[in-house]
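Just below sit the structures, each encoded as structure tokens.
In the two assemblies presented below, subunit A is common to both, partnered first by subunit B and then by subunit C.
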Partner chain A sequence: MGANIYRNKKPALVFLFPAFLFMAVLLYYPFFKNILNSFMHLKQLGAAATKFNTPWYANYEEMLHDPHVWTSVKNTILMMLVTLVGQVGIAIVLALMVDNISRGKQFFRTVFFFPIVISATALGLMFNLIFLYDKGMVNQLLQALGKQKLTDWKAEGIALVTMMAPVMWQYVGFYFVILVTGLNNISDELYEAARIDGATTLQRVRYLSIPLLHNVICTCSILAVTGALKVFDLPWVMFPKGMPLKTTFLTGTYMYYQTMETKNVDYGAALAVLIVVLGVVLAKVVNAVFKEKDY
Partner chain B sequence: MTKKKKSPLGLIAVYAILTFWALTTIYPIIWVLQNSFKAKDKILSNSFALPVGDLFTTANFRKAFETTDILGAYKNSLFISFMVAVLVVLLAGMGAYALARYKFPGSNLLNSLVVGAMMFPAFATVISVYQLEFRWGIASTGSWFFNMLSVILPQVAGNMAFAMVVLTGYIKGLPIELEEAAYMEGCNAFQIYFKVVMPLTKPSFATVAIFSFLWSYNDLFTQSFFLRRPDMYSITMMLNNISAKEGTDYGMMAAVVALIIVPVIVVYCCLQKQIIKGMIAGAVKG
Partner chain C sequence: MMKKRMMAAMLTGAMVLSMTACGNSGNTARTTGADNGGLTPAASTGSVELVVTTTFAGEDTNAQNYKDAVREWESKTGNSIVDTSANADETFKARVTTDFETGSEPDVLFFFNGADSNSFIEAGKVVPIDEIRAEYPDYAANMNDDLIPASLVDGKRYAVPANGIWEAMFVNMEVLEAAGVAKPGADYTMDQFKADCEKIKEAGYAPIVAALGNIPHYWWEFAIFNNQSPETHLEIPENAGDEIGQTWVAGMNDIKELYELGYFPENTLSATDDETFAMFTEGKAAFLLDGSWKVGGIVGACQSDPNDPATLDLEKLDKFDVTYVPGQGDRKATDLIGGLTSGYFITRKAWDDPAKKAAAVDFVMYMTSDELVPKFAQHGASALKNAPEVDPAQFNILQVKAMDMMAGATSLTGVVQDIFSGDCRVSTFDGMPEIVTGRVAAEDAVAEGLELYHNQ
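Showing the complex of A and B:
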């Protein structure tokens, strides 16, 4: 047993101190300070809060009446559904397909994954060009296919689609790789047995791959839902300040807007608390829905 | 697996769909690249044509270098991300080693504190961190070093917990006999860590370093709080700013996007195995 080496506990303190100092000062303390800030009067970034709001819960009261809060919560939940169905759904289809081919597996893996490596900011700029009204790739493509009228992809009504499609597109490859790894872990003998029993490819997918992938799909779903709460860069670059008409706010972008653009810093802090609460509640819901199964 | 008979039609459909998705990831980049070499007015008439002959121009790139300090932004971004990756690996590695090997009262509590720290979104801490750093006198100063430091610190903290979880798991799996042997030879705990454990943990360090680097390099949210002076811009801040200011000069926008994306693609192609591994490991980060 290695108990002897580690009986002297003093070195452990030295090892642990820097990491926990970082987390205590720059994560735990700011997290609780932020909750306090949300009750204070704070209209300047960096200034110290000196007095409480009157009443102290004023920001939370305002939240209830603020229509943009509801827009952003609604959009965020929509974003979750889109990432859940779109990202994980498409990833499942692609992963099952790649699992059943013999050539080009590595190529598709490389190509599908690479949008994740590029910064969402750069992708936002790229999609701004792609969805341009009169020169963009999508409109020119539609024109070439015979569509007469140009679509303004950033107009009200369709703006949400234009915002969520790239976010969805970017992360499909991420779940694809996780799922392909899961599929590789299924033993060949099971497939072999199914083949001998005369199962078709579709039957093997339906009765072997998908059930055995259950836990991996659950993990992906949890990641997709919690990931949707963190989306910020791409929507902010494509639709700054919630344009058009503040209809495209997500909880993250609205928090940023209130903090940085309107200098309503304490309200921003309250919105950050809302994001945390939303995250905890949704994680609980998703965990309950996608319970892991033991086989 | 033995060869199985497959209907060629089904296989063609499968390849068609896979290729279609591959096109959606590749073609937009190619489209932007080819248009970055065309004059602004030529993009309008035929954006799908290759930039050859009369269409070809490097004016967009010249303008991009004139109007923005891309090299400066690269320098800032690389410095920040490099420091974040190094500090995370160094400090999280030490912490993870202690968590993996030492058992003492409260070690379970420390473990849960680490797991809990993964859940804090940047949204919930950034305002207070700014307050704190403003009080320390390192946020929004004229000093280049302090500006960089003010971003590096919260980014290190943000990646610390995830890194410790990944590294603790890895170190727990290492054979303890090597450490015992080193102990017998008279090494103290620090020598054991730096001479025995650290070299063995290299693969996991690489995973953590790649994720931390890329996360920091691609981050816009945290950086937009701390790097508000144009001479301090990182890549993402410069991109965000240029899209707000010059968003209508499509040729130049395409050139800027190309200048940012191409190096990343080159690096990705060289290190894709490690990068994919790193990004997947980072999934546990909250």
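Showing the complex of A and C:
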């Protein structure tokens, strides 16, 4: 026995097997089955596919001609940009400001983080009331300020803004907490030295905080971009079926719409494959752009 | 197709007679028939848990009746109900269909008996009434079999109906009065309707409430009906170019015209049905096309506490009325859409479960008993052989108005969208905003739906 127990890897494999089995059954099997289904004729959930589409790549061909696919991809990419600028950007500003106050840091942390713990569905319903056409909070405020005509915040021209604002607002606190933690890890001695050298607050932020937060910002950016690909519940609650005029579809909501609402299950499977491909490609791009640095 | 039309014609005749009788119940001699609500011995002693899903939820007129009936059945039998009822919208239908496909169907369901039930009937997942009667001869024995709609799949009867439905036009009389418009009558035409809409619009109200991007169903049905006659309404066109297909296209274009005239609310493409309905009940719009179940929604909106009937504001309720959808061509305003479109199904899963079988049968017999059906049917129709006499005093003012309206109906035609069901409807239902804004031609949308229908 003796030192041999450290060379024997079999016990580790035994412990890894349940997790592997779990992943294989609940992730990899459905994943590969979904790829197969995207080539099959499947018009009912739960029903077994009996034949291939004619031609077998028909769904992918249809995707090229489906204007809603392009709308959803365009909106998803827009959502990524909004999350990058709106979520991570605002979170950086808030984190830097909170880091520079001496009292109430914990209060702001809690306040900004709070939306994260609320279900996205509940938030969707809440924002539905806020942006309600008749008697919604925003329209009531505008009326109180003298605006005569009601604004339809879900109308075609403005719907995307109405959809993305709550999504952005919800996750600012998440990145804020990560960034504040990153700021806390920066040694006070560095700030002290900068102060002695005569650096102003802005200079300390520009030349100390932001460069030393680089890796944390990269992590936040990667999380924000990949997270934007998965946004579903809040947009679906506020804009079901891509309302209005199917202009608010994201890749996730369009896939759900095709699968659950129109029962075009095989096309939904093909859209799911598109989401995976888009996710992998964008993750690679983001990783390349936001490369972490060694200090 | 001929079979469907004959069935529809039979139903129409019988239902109109039944409804007329209901509206004049005080003058019609009726005897209370055998009560099927008695408990079967096997079910009365159990503590069985049944999963039941129905459309008696939300604003449905019978939501409270259903809750009361379930509570009473539970206390009588000691059994319990896990209720998964929800509003009867497309999401609900999709959920039920998916539940069947994934093997998680309920034990009993009150569901549509048209094409929406085709998939689970084809899969043999519900039990025909005759098969149940072979073991329980009293099952649905109080129903007139001729009025129980047969499945479009195999012609067998599966669903025991409780209450019939009708679709008509609700009006907010306060808005009409403010706009100087009289209540539409039995000879109301589409031209008169447009003239009235113009007056209402000029008075600063929305003439028609409808969320075209969410629930265009009622306008879809009547707009097509207005280009047809009761005899042809249940025919599905072969393509958009044939005679019937052209009536569908004309119907879609009629809705487009109303949209272009600005008769729908400004947010009709982005609003939900709840939002536009609120405009109607709050006196901001005049006309609402909807079904008999909406009577309950309007009554609820007139209560300070929607769950407490004692808080009903009768004066407010009196401001609402219900009348005929304007007619056009061969369709008279008094030719209505409706029928016994839903019923109680017992699933094969419950039937094959010895612990649940008797309880499921007993539950359906209880819910479709001579005592309960009239409560649910109210101003609608039923398939009872011997419906007990109805006392109009038990109904509220809107229900009485509905009875008066139904008494003047000249025909009751089935719902064509119950036959034209599933993803074939997507191009004209979900696609309605594109049609009315002219981004998709009505002809193309109809053609796309029909192609899917015929390829199913």
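FYI, the second predicted complex is superposed on the first by the 276 of 295 C-alpha atoms of A that agree within 3 Å, B and C clash if a C-alpha of one lies under 4 Å from a C-alpha of the other, contacts with A are read in each partner's own complex, and residues count from 1 in each chain.
Just so it is clear, a contact is a pair of C-beta atoms (placed from the backbone, for glycine too) under 8 Å apart; a residue touches a chain by one contact, two chains touch by 3 or more.
Treat the numbers as computed from the prediction; the structure is a model and nothing was measured.
Peer 1: Given the touch rule stated above, what does A:His65 touch, subunit B (first), subunit C (second), both, or neither?
Peer 2: Neither partner.
Peer 1: Could you tell me if A:Lys51 is touching subunit B, subunit C, both of them or neither one (first, second, both, neither)?
Peer 2: neither
Peer 1: So in the superposed three-chain picture, is A:Leu245 touching just subunit B, just subunit C, both, or none of them (first/second/both/neither)?
Peer 2: second
Peer 1: Examine A:Asp152 and indicate which partner it touches, taking first as subunit B and second as subunit C; both and neither are also allowed.
Peer 2: A:Asp152 contacts subunit C only, not subunit B.
Peer 1: Have a look at where A:Phe174 lands relative to subunit B and subunit C in the superposition and call it first, second, both or neither.
Peer 2: A:Phe174 sits against subunit B, while subunit C stays out of touch.
Peer 1: If you tally the residues of subunit A touched by each partner, is the higher count for subunit B or for subunit C?
Peer 2: Higher number of touched subunit A residues: B.
Peer 1: Just checking: does A:Met260 make contact with subunit B only, subunit C only, both, or neither of them? Give me first, second, both or neither.
Peer 2: The answer is both, since A:Met260 touches subunit B and subunit C.
Peer 1: In the superposed arrangement, which partner chain does A:Asp134 touch: subunit B (first), subunit C (second), both, or neither?
Peer 2: It touches subunit B and subunit C both.
Peer 1: Quick check for you: in the superposed arrangement, does A:Lys43 touch first (subunit B), second (subunit C), both or neither?
Peer 2: Touch partner of A:Lys43: subunit C, not subunit B.
Peer 1: Which residues form the common part of the subunit A surface touched by subunit B and by subunit C?
Peer 2: Comparing the two interfaces on subunit A, one with subunit B and one with subunit C, the shared residues are 45-47, 132, 134, 240, 260.
Peer 1: Enumerate the contact residues on subunit A facing subunit C in the complex.
Peer 2: Residue positions touching the partner: 43-47, 132-134, 150, 152, 154-156, 159, 240-241, 243-246, 260-264.
Peer 1: Residue numbers of subunit B touching subunit A in their complex, please.
Peer 2: 1-2, 4, 6, 10-11, 14-15, 17-18, 21-22, 24-26, 28-29, 31-32, 35, 43-44, 47-48, 91-92, 94-95, 97-99, 101-104, 110, 113-114, 117, 119-132, 134-135, 139-140, 153-154, 156-158, 160-161, 164, 176-177, 179-180, 183, 188-190, 192-193, 214, 217-221, 224-225, 235-236, 239-240, 242-244, 247, 250, 253-254, 256-257, 260-261, 264-265, 268-269, 272, 275-276, 279-280, 283, 286
Peer 1: Applying the document's contact rule, which stretches of subunit C touch subunit A when the two form their complex?
Peer 2: 90-91, 94, 97-98, 100-103, 119, 213-214, 265-267, 269-272, 275, 278-279, 282, 284, 422-423, 426, 430, 433-434, 437, 439, 456
Peer 1: How about subunit A: which of its residues touch subunit B in the complex?
Peer 2: 2, 4-6, 8-9, 11-12, 14-16, 18-20, 22-23, 25-31, 33-34, 37, 45-48, 90, 93-94, 97-98, 100-101, 104, 107-122, 124-130, 132, 134-135, 137, 140, 144, 169, 172-174, 177-178, 181, 188, 191-192, 195, 201, 223, 226, 229-230, 232-233, 236-237, 240, 251-252, 255-256, 259-260, 265, 268-269, 271-273, 275-276, 279
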